[in-house]
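Letters A, B, C and D mark the chains in the order given here, with residues in each chain numbered from 1 onward.
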Amino acid sequence: MSGNSFGHTFKITTCGESHGGAVGVIIDGCPAGIKITLDEIQHELDRRKPGQSHITTPRSETDTIHILSGIFEGVTTGTPILLLAYNKDARSQDYDELKKLFRPSHADYTYLMKYGIRDYRGSGRASARETLARVAAGSIAKKYLKENLNIEILSYVEQVGHIKADIDMQSVSLNAIEENIIRCPDQKIAKEMISYVEQIKAAGDSIGGVIRCVVRNVPVGLGEPVFDKLNADLGKAMLSINAVKGFEIGSGFAGVELPGSQHNDPFIMQNGNVRTSSNYAGGILGGISSGEDIYCRVAFKSVSTINKEQATVNLKNEEVKVRGEGRHDPCVLPRAVPVVDAMAALVIMDHYLRHKARIS
Amino acid sequence: MSGNSFGHTFKITTCGESHGGAVGVIIDGCPAGIKITLDEIQHELDRRKPGQSHITTPRSETDTIHILSGIFEGVTTGTPILLLAYNKDARSQDYDELKKLFRPSHADYTYLMKYGIRDYRGSGRASARETLARVAAGSIAKKYLKENLNIEILSYVEQVGHIKADIDMQSVSLNAIEENIIRCPDQKIAKEMISYVEQIKAAGDSIGGVIRCVVRNVPVGLGEPVFDKLNADLGKAMLSINAVKGFEIGSGFAGVELPGSQHNDPFIMQNGNVRTSSNYAGGILGGISSGEDIYCRVAFKSVSTINKEQATVNLKNEEVKVRGEGRHDPCVLPRAVPVVDAMAALVIMDHYLRHKARIS
Amino acid sequence: MSGNSFGHTFKITTCGESHGGAVGVIIDGCPAGIKITLDEIQHELDRRKPGQSHITTPRSETDTIHILSGIFEGVTTGTPILLLAYNKDARSQDYDELKKLFRPSHADYTYLMKYGIRDYRGSGRASARETLARVAAGSIAKKYLKENLNIEILSYVEQVGHIKADIDMQSVSLNAIEENIIRCPDQKIAKEMISYVEQIKAAGDSIGGVIRCVVRNVPVGLGEPVFDKLNADLGKAMLSINAVKGFEIGSGFAGVELPGSQHNDPFIMQNGNVRTSSNYAGGILGGISSGEDIYCRVAFKSVSTINKEQATVNLKNEEVKVRGEGRHDPCVLPRAVPVVDAMAALVIMDHYLRHKARIS
Amino acid sequence: MSGNSFGHTFKITTCGESHGGAVGVIIDGCPAGIKITLDEIQHELDRRKPGQSHITTPRSETDTIHILSGIFEGVTTGTPILLLAYNKDARSQDYDELKKLFRPSHADYTYLMKYGIRDYRGSGRASARETLARVAAGSIAKKYLKENLNIEILSYVEQVGHIKADIDMQSVSLNAIEENIIRCPDQKIAKEMISYVEQIKAAGDSIGGVIRCVVRNVPVGLGEPVFDKLNADLGKAMLSINAVKGFEIGSGFAGVELPGSQHNDPFIMQNGNVRTSSNYAGGILGGISSGEDIYCRVAFKSVSTINKEQATVNLKNEEVKVRGEGRHDPCVLPRAVPVVDAMAALVIMDHYLRHKARIS
C-alpha cells in the first residue's frame, strides 16, 4: 500500500484522477530558501500539456498550476509544498459505454480487480494526467540542481517507431531539442518522425519510441548501494511512468556483447581530474555517480487508446468490440520528454540530499 | 543514506563485505508459520556459489548459511530472521597493490570519493558476494510463494555475448535450465555459449549476456501505483544487482516499433476467465499484475575483472597499468540466475503482502 | 527531512500553513470501498473548529473541507485521497510587529534558525491549524474502524489546570463528553473547569490540562515489535500534537510505585475468552494489543499566546516586550479532544492494516 | 509489519531472541570515518549486562559483542555495520512448564495470538535482552555526537518505587551516576533506593521507577515537524523500550497546571546568544531543538517476572497458577539507564543527519 510517494529525502506524494477535483503533489523535504515562481513551474508543465501541436492530443487542458503551501513570498520555506492543477468537469454520460468494459492494454481490468471499484472517467488514477504532478515537482528540483550545482538534464526523442536518430550526447542542446514538435534534436530525422506520426494518426493508430536522457555535471558520490544505487532509482523512476517498458543505463542491452577488455572504461588524468576515456558505464560505477555524464534510455510503447475497433471483454464477461475516442495522442513521446526530465531531476535531487547527510 | 534495505513489508537489509566477518541479511516482516530448513536455503545458495563449474571462478567458498534468529523449531516466528555466511580470512598483503589504484569499471574510485575510505579487500561492499544475502532471503520468499500461491519463478540465460537462444517461455522448465552449466534451457545453444565462454576465459577476458525471468501464476492485483508499480519495483530490484545495465518488461525496447493496433493485448474469455490473447504487456497493466505470465529481461555487462593489462590511475593521480587476478568469472550469467530468481521472489512476496493489507 | 508523513500503510502527509493557500492532507493506502460523505468528515472538523464556544478562540473560521481526489461517487477507490480546507486571507500588515521578534515558547525562533526563513503569519506551519488535516484524515479511519471492527475511540478532558475529574473509563459515553463545552464527561467537574477557564481568559492568561483516550474492542494482535509497538506509535502520535508534553499508557507514571505482585494483570477466563482481571497494562502487552481496553493520557501545556506583556528578544538580538493578540484559546483542551481521537484512529487503522498483511 | 527498524537516516534494524543464536543489529547510514573500537562498544554493554551487582539478576551472561561488517581497520566505512552477541545455549526442558501457559503481564499471550507461534524460551523476541542491540548501536552514535558536536547524554535513576530524588540537572555528572549500583546521582537517596530494592528482592517481588535523561549541547534546529518532531521521536524511542509506561518532555504532566504566564520561557540575550531564562519546554520548541538542554523522564513499571505464585491461564484455557523463576531483576532501572542513553543517542544522531541534508 501507500505506493504514491517517491523519494526518501526529497519526497513527493502525488494524488488525483483524470477527472476528479484536481491532480496534485506534496513535496516534503524541499530545502528552504529556493526562489521559485509560478511561471517557472508552469513553463515545464507547458512542455507536457495536451494540444501543444498537431501531433499531440487535441484536448485543450491548460494545466494551470497553483501553489497552496510551502512557498512564502516567492521562496521555499522548508515546509511541505502543495502544487495543484484543478481538473475540468467531465460529463459522466461520456463514459456510459467505457465503464462497462475493459479497454485492451489499459488498466481498467487490473484496477477493478485490485480495488473492487474504479473511477472510469478518462482512466481515473491510471491516466497519464498524473504525470503533470511529477513535472510540477520536478521543476523545483531541476531549478535547484541547475542553480546550485550546475547540473543539466536534457531528454530528447531518439526513436519513433522504427525511425532512429543518432545524436551526439556531448553536444546536444535544449535549443536543438525544442526546435521541433517531436523533440528530436536531429532536425532532419525529426521531420521523418513527424511525418510518420502524421501517418499513424491518420490511420487512427498510435506508435511508441525511445527517449534518451543525459545528465551533465553530476558530482561524484551520489547513490546509496546496495539497493538504492543511482541507476536502480533512475530505473524505478522511469519504469513508473505510464507506457514505459524498458530502461537502459550506459551501454545497456547492446553492451552485453562487448568483452570486458572493450567495455571497461580506463581511468585517465585530464586537467588534473580523474576521468575515464570511455563511458560505457553511463556515469555510474557500483551504483555511485563517477562524475562522467549520466545517460540512459527509456522505451515507451504505443499508447493503448486507438481509433480502431478492437476485441475485448465487458463486465458481464462477454466478448465485445470497443473503439477508442478520437482524441488520443498518436505518439506520446514529445509530451513524455519533460516527464523523463522531471523523474531524472527528482532522483538526482533526492540522492544529492541523501548524500549531503553523509559528508562533514 | 540507509540504502541497504529493500522491500516495504517483506523487508530485507543486507550487510557485509567480501572479506569482512560475514555477509548477512535480516528479513523483517516475514509471515510466521513458514516451515523452512537450512538445506532449502543452502540449495539456492549452491546455485550461486563460486567454483560450481569450470566456467565460473575457481575460488572455493562454501557459502555455508547459518540461521541466527527468527526461526524456531524449523518454523518462522514472525520475528526478524538473521541469515549469515561467514567469510574466509583474507590476507591483507594480497591487496597491497590493488589498494593503491582504481581498477577500471570497478567501484574503487566512487566508493573512495563517496565515503573517504574503502575496504579494498576484494571489492569490499561492492563485491558481488553481497548477492548471497539476497539469494538466502529470496529462498524463503520463493518457497512461500510456491507453496501458498503456486507461483513459479524461472530465470535462465537467454544470451551470452552475441549468442542468443530463442526459448519458448510457456514450456520452459527448471530441469531444462539446470541441465547444463550455463543455465540456458536450449541445450544446443547452451553448448555454443559454453564454448564461447571457454574461449573468453582462455583469453583472460570476460563477457556479458541477458537473463530472462518468467513468473507464472501471479494473482491479479499485485502492484501499488503510481510509483510502486510492480514493473517499477521489479526493475529497481534487477538494476540493483551488480553489473546490470538494462531491464525490459514485456515487449521492452523492441516493442516500441509496434503500433497500438498490434501491441494492444485483446481481452478474451478462456475457460470462464478473463485473459488476453497476446501478452506484450508482460503480465502487468497499469503497474498491477493481470494474471498473465510476467516476463522480463535483464542485461548483464561483462565483469570488470579481467586477466589483461589495463590503463588506469592510482591514488597519487598517476597513470599506471593494472592486471586483474586470475580467478575471475569469465561470465557471471550462470551464477546470476539464482540472484534474478531471488530478486523476483522478493518483489512478488513484498507486493503480495502489501496487497493483502488492502483486501477484506 | 520529510517529517510530514505519519503511518506506514495507512499513511497521511499533511501540508499547509496557518495563512497560506490551504491546509490539506493526502491519505495514501486507504482501503477501497469505504462509503464516506463530506458531512461525516466535516462533523469531526466542527468539533475542532474555532469559535465553537465562549471559552475557545473567537476567530471565526469555518474550516470547510473539500475532497479533491480518491473518492468517487461517495466511495473510496483505493487511490490517494486529497482533503483540503482553504485558508482565509491574512493581512500581511497584521504581522508587522510579530515578524520582527520571537514570541516566547512559540516556534518562531527554532523555525527561523532551522530553515533560515519563516512564514510569520499566524505561526505558519507551526500553527495548530495543521491539526485540522489530522482530524479530516482521522475521520475516515474512525469510521472504518467503527463499521468494520466495532472499535470505539473516546477522548475526553480529565484535567484542566489543577482541577481533575475521576471518570469511570468503562461506562463513559460520547454523549456525556459532548454534553458540555469543555468535553469533560463529569458534568459537575466540567462546570468547575469552565468557570476556571473563564477566569483564566478574563486574566488574559491560558491554562493546560490532560486528555484521556479510551479505545474499546481492539482485536488482539495489533502492534509491530520491537520498535513499532502499538504504545510507542500511540505515544509518537500524541507527542506530535502541538503543546503536548507527556504521554502515559495504562498505569503510567503512578504505576511505577506498584510492585510486580500488584501491577501484574492476572489472566482469567471470562465467558470462554482469555481476559485479565485488572488492566494496568492499558490493553497492550509486549507492544501488541491484548483485547482489553486501551487507555492513555495526554498532557497539554497552556497555549503560549497570552494577552499579557512578556519579555523576549527580537531579530536584532535586542531584549524587547511583546503582548499577544487578544483572540487566543484560553484552554485548548476541548478543541484538542477530536485531535486526540484522530491520532488514535490513525494509529489503530495503520496497525490494523499492517497486521492484516501477516494473517492468512 | 517490519517494525524492527528505528531511524530514518541513521537506521538500525535489530534481530534476535533471548535464546536463539544471537542478538544483533545492523546500522545502516552510519557516517564513514568514525573511529570505534570493540572496547568502546563493550563498555556501554557492560553497563547493561546482567549480574553486575547484587540487585540485578544473577544470570551471568557476558554479552560479548562482535563486529561482523562495516568497520575496517577500526574505522566505519559508511557501509552497514553488523554487531552481534551470541546467545548461550538454553535447555529446552527448562521451559516445559512455561511453554504451556501465559505468564501474567508478559507478552506470551499476545505473541501467540498475533503470530500463531512463539519462541517460549526466555520470552523469545519479547525479552529485554533485545535492548543490548540498541545499546551496541547507540554507543557509536553517542561517541560521534560527543566527539563531533560535544553533545553529552546523561541518564540516571530519579525514582524507585515511592522513593524520589531531586537532582540538579545542570550539575549532574556521569561520575556521580556511576558511583553507586542503582545509578542515582544523589548518594544518600541511592542508599535508600538500594535498601528498598533489597527488600523487594527478598520478598520475591519487583519494583519500577523513573529514569531522567538530560542531553546537553544539542545544536538549534534538530527535529522535523510536524510528525517527526524531536520530542515525538524521543517519546517513541523510549516507549519502545520494554516495561516503559510513560514519557514526559520538559514540564510534562505537572506543567499542565501552570498558566501560560508562568510556563512560557522568556527569551533573553546571554553572552551574545539567544537563550531562555527558564526551560519548561525541555529544550524543544515546535518540535525543533532550541539549544537549551533537552530533558525528559521515562516511567518503567515493575518487571513482570516475580518469585511469587500468581493466577493465570494456560493454553488449554484452564485457570492455573504460575511461579516465576528465581533469577529475575527485582528492579530493572539501573540496567535500563544505558538503554535510555542509547535511545536518546540514536534519536539525536538520526535527526542530526536528517537536518544536515537541509543545510547548505
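The rule is short, and it goes like this: a contact is a pair of C-beta atoms (placed from the backbone, for glycine too) under 8 Å apart; a residue touches a chain by one contact, two chains touch by 3 or more.
Worth saying up front: this structure is predicted, and the values here are computed from it rather than measured.
From chain A, how many touching-chain steps at minimum until you land on chain C?
1
What chains touch chain A and also chain D?
Where chain A and chain D share a partner, that partner set is B, C.
Which angle of rotation, from 0 to 180°, maps the CA atoms of chain B onto the equivalent atoms of chain C, to the nearest 5?
Rotation angle between the two copies comes out at 180 degrees.
Need the most distant chain from chain D, centre defined as the mean of C-alpha atoms.
A
Per the centroid of Cα atoms for each chain, what is the distance between chain B and chain C, given in Å?
46
With chain centres taken as the means of their Cα atoms, state the distance from chain C to chain D in Å.
26
Per the centroid of Cα atoms for each chain, what is the distance between chain B and chain D, given in Å?
39
What are the residues of chain D that contact at least two other chains?
Expected reply: 1-5, 8-9, 14, 29, 32-33, 78-79, 114-115, 125, 225, 353-354, 357-358.
Sort out for me which residues of chain B touch chain A in the complex.
Residues 1-6, 8, 14, 102, 104-107, 109-111, 113-115, 125-126, 130, 159, 161-162, 200, 203, 205-210, 220-221, 223-229, 231-233, 235-237, 239-240, 242, 244-253, 255-261, 263-269, 272, 274, 276-277, 280-282, 284-290, 297, 299-306, 308, 310-313, 317-319, 354-355, 357-358 of chain B touch chain A in their complex.
Using the touch rule from the top, collect the residues of chain D that touch chain A in their complex.
So the residues of chain D in touch with chain A come to 9, 29, 31-33, 78-79, 148, 225, 353-354, 356-358, 360.
Which chain D residues qualify as touching chain B in the complex?
Residue positions touching the partner: 1-5, 7-11, 13-17, 20-24, 26, 28-29, 32-33, 66-70, 72, 75, 77-82, 84, 114-119, 124-125, 353.
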